[in-house]
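Okay, structure first, notes after.
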């Protein structure tokens, strides 16, 4: 008799859909010690919520998040709301003894994030953060290569997350207001890059050595024909060193030409290198320095072989690639394993882990806001 | 009757070979108002010099650079010596009324560079700096796209020059001592990247917002079985903004895994993007935003069509790619045009231009040496 | 009130899973005039069938396909069994007035295929064949480009479907016996390539000009430690011309080195070209000859933009790629549209259409078996 | 004291330039037992010839090839004329005791080619054919991998040589008349592909199993505003098997969309695979099956490392790629080695070898002209 886990979901937009799909699909592809029950969904727009719940198979619906987080039937609260709305429901759910799965970044502010970390430390429930890219088979393969020592000492981490939807014609919204969004491309995209960098290396960032934020379009049209101010970064780059001495470069942008969703990261080590670009998500490139210059080079690994690449055995035969949403299904599988006392395929981020990522986001913002620079006019 | 230009060359190593080849090949492929005469070569090792001069067709040889730079027959002095040996002969040649072509970077120190720029401003001779990559057909094509407005406002410059020869087993040499080399990967590689960024955008860097240098291997073996200290950067990354507001990221490394000689640069603009990687030097990738998402994407342009791509008409039929050395031949062709009163295919760097690149190198070193950082330990 | 369509499924292996997933997912992502009900599944192994039905949500199960195809509740019979087992149930289902969706290729033999086509012509039910690759957004985009005249007159079709699982250590099975499988790589892989070629061009193959089949491993190990004969092709290549004069080259292999599942096709026309490789399934490469050599080249289109690329609007925001299984979900959506009286996104193959593909498969086998060749020993 | 070899050159067009450059460059980069002297050049247009000879450094010039081939000073006769003009001067030169280097394909007809092979067999002089692509470092590396057993038994050879200059607007010339050119894309491009296939595998083609030639544009404009008939192939594809059983597919085209000069070849073997595309000529892709699916994939080898990749040590430091013309310089170096009694870097083609390639060209033409086909109208 399989054990069930009743889930309550907050948020029914993009992430609400992705999470709902994951809960619905997991039992078809994975054997897990628990199976999720789509118990109750929550959003503010009642009509849309009812349609959403019916479509995805949520058994109940509520427009009151406070009711959901204390619903005695709910065992896992999934927070899929905008960043500045993570902390309150997450804290309430932890206080009510629930497990909590929260979208990334952990929170809209470092203060919120700290409170969430602290609450998690004392809570009975377990916590998870939806850093979904960890569960692309290619990324999980890279994680294992690093753990097996295939890269040796790591010299370079080079992370760029480039998108292109932020041109001047893009209408303003809450995403372009710092008080609501916290930051622009930085919190949205660098959050993923920092998590991947920490996850893959197993190392922590020690210092941020400079950062530049650019708001290329400080004024944006509104949908009613007016304009609004934007005060968040359209792009933000920063430099960092890790505790081991690794040099890290990070760049996030919403105005990066042809790049629709290029979440890319490269690690160069003494013994090997890996690189990944989500634009071709089923591929990991790997270089084994032991191959030597005569017959070595980037190896283009199709990470689509069961038992060779994590998560693949649960899906399709070799060579049949996965898509974006599979990272979420894979994450639900691993959360269910952990809650059922088993090991995940690769480690999940909890609130304490995600708080470390949030600290790096904050440090980069501090560096960007200090605007310390060497002016060329001083160099003669 | 074609006019001749007698050349005197200093330095007979890698650059001496590349320059000699260029002088020897140019008249076979180009019609120029002047043709070079390989008049006199100079190096310290007399036996090697004689062999070199004979191989490449230099009519005379001398071990005394001071003699060469004042030789009344010499019209163009080519300085192909190590960086810290650029200034003296260049200044002497300018003082003697010669034209001077100097290897990049302009000098080993900013002071030397400034003196060279100032001397050039007052001199009768013309000056050139061997930023050879400007004359890859793909780069020259990108230059023209920018000038024609195909990129519009430029948001991003993303330059990386990655090599891999600097692992721990690489023996120490003068290149690893700051007092001789000035810097490590920075001066060697970022010099090219900064020049390309300035050349392509036509914009100047206004501020450097942070820099990190890493000496991963502070001790290196020597060829006699001992060890020596290395005090130059194995890698250096920095962030910059241009006067127009463009955000620039730069990274140079000698320990970057599989990258043998990956001189790469990408520009993202409002109307279009370009990117180039010397590992596939005959290709320019171009994105025209006007293509729209339905049918747009990186276009892989083979820059090998006569009359469509600069310099190609002088070489082979369409599709027959060029190699590394062609940039040097193309540069000699353009120098001869300029000295003969004609227009170059694309602009050449003179000392004043190269001094601006040197200032950026210096500003990044200042930023790296200040070591201002946001410590993660201060972020809680 | 949404109309339902009750489905009966034959086969619970790879295709049974892919089809079940598609029926389960379609209503979550698409608005269709009918929604499928997973009514009854059929397979021979009862224990496995029960587990399968429960996992995927089939409401009923039977081990007797004859019962399923006449079940009055069933409206659509889905034939997901091995090739030589397509004809009987499909014919029975058509005779019972059902709609039929059949896996590709249409049948194990041309005779069976002809009978199926003829029965479909006279039947009340509609027929469909699971040529799933038509519904990759990249392929559907290419289809539209051709229809819009972007390629002009088509000179070349170049199709290769390369896999690598057929090395000498691969155990024998029914797949390696001609009487059961019909052919080897040919029927399995060239079936897809021929369908794509016909679908994309809208043209029919007129002649097959030569074919070679190779059985590299005529003896294979069996799982009980013995050996068996293999008499099917491990690879088969053939040449064809289309009615319009287009030259087509086709190649299928199971022993093609690193290619796990490289279903690739390229079309070169007077005005433009497209190419696709399933190893990077979210990308279509397109060349518009009107770009000219100066700024033209393969455009790498990320076919992941809603409303720009077919099917994408139903899934995720721009840049979030799809995987293998989405082609099946997309196909179910289009079958439901057709059965509900609406237009599909791009045309579906019915039995008459799939029979044309089968004829080409047969013609290539005839050519291969004739073994007409010009022996080099006759050329002096 | 270095020994000299006096060269006489026939033809001053594209190949005349490429060969002249090679003779001029070789001694600058290679140490060879002989050094070439550019003794005498021959062409019909005297004015152009004089300009050519001066530019490239030919000491003498003549418009009479019969004089050149018997000039007692000439030791090596280089035949760089159009295909149908190879045989006469080559035979005369051999009769005069000269060494002969002939452009590819060996001759315009099989009869001519046979006569040349027979004459070479009895001659005192040595013969060479300019299959220049053998001397791309990437191809020479692939050659060695095969010889070292890295590919094991070879299942597939897949060769395509695609160009795009033959659209309907391209003016007619002798190249489009069979009586002068012999064939179209076939002799020009498949000649290279067949040579590479034979060179890399070390195997001979045993049978041609079908061929299709297409003349897409049977009428072409002439430069005087009229039209002319074209009776050569714009594209020709054929299928072959090698003596060992390897399956080969070959395709040549002049109307292949964006492909300017895509000379590509792939070999799939039991133990490994290689592929090459001249559009990125410094790269060899290699797959070592021993890497396994978990960490294996196409390795992108930059064939630019001295001592690791053939010919590279003679040119530039690691990572500084070569271009089209270097294959010719490398070939001259190897011809000089052979004539001086040393071993070439990789084997050169002589007339006997090139005759084997010509036989395959002829067999494919026979197959194409037989037009044996399975008509789809016969398959029901």
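Lettered A, B, C and D in written order, each chain numbered from 1.
Rule of thumb we're sticking to: contacts are C-beta pairs under 8 Å (C-beta built on N, C-alpha and C of every residue); 3 or more make two chains touch, one makes a residue touch a chain.
A quick note: this is a predicted structure, and the numbers were derived from the prediction, not measured.
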Most remote chain, CA-based centroid, reference being subunit A: D
Pair with more cross-chain C-beta pairs in contact, given B-C and C-D: C-D
Whole-Å gap separating subunit B and subunit D, where each centre is the average of the chain's CA atoms: 36
Subunit C and subunit D, separation of their C-alpha mean positions in angstrom: 40
Computed distance of Cα centres, subunit C from subunit B, in Å: 53
Contacts with two or more other chains, residues of subunit C listed in rising order: 260, 283, 293, 296-298, 302, 305, 318
Of all residues in subunit B, those that touch subunit C in their complex: 141, 145, 283, 285-286, 288, 291-302, 305, 308-309, 318
Residue numbers on subunit A that touch subunit B, as the complex places them: 110, 114, 153, 155-156, 158, 160, 162, 167-168, 204-212, 214, 216, 234-235, 237-241, 245, 247, 249, 251, 253, 255-260, 268-270, 272-273, 287, 289, 293, 296-298, 359-360, 362-364, 366-367, 370-380
Complex contact set, residues of subunit D against subunit B: 14, 18, 20-21, 24-25, 27-28, 55-56, 163, 165, 260-262, 278-283, 302, 304-305, 315-326
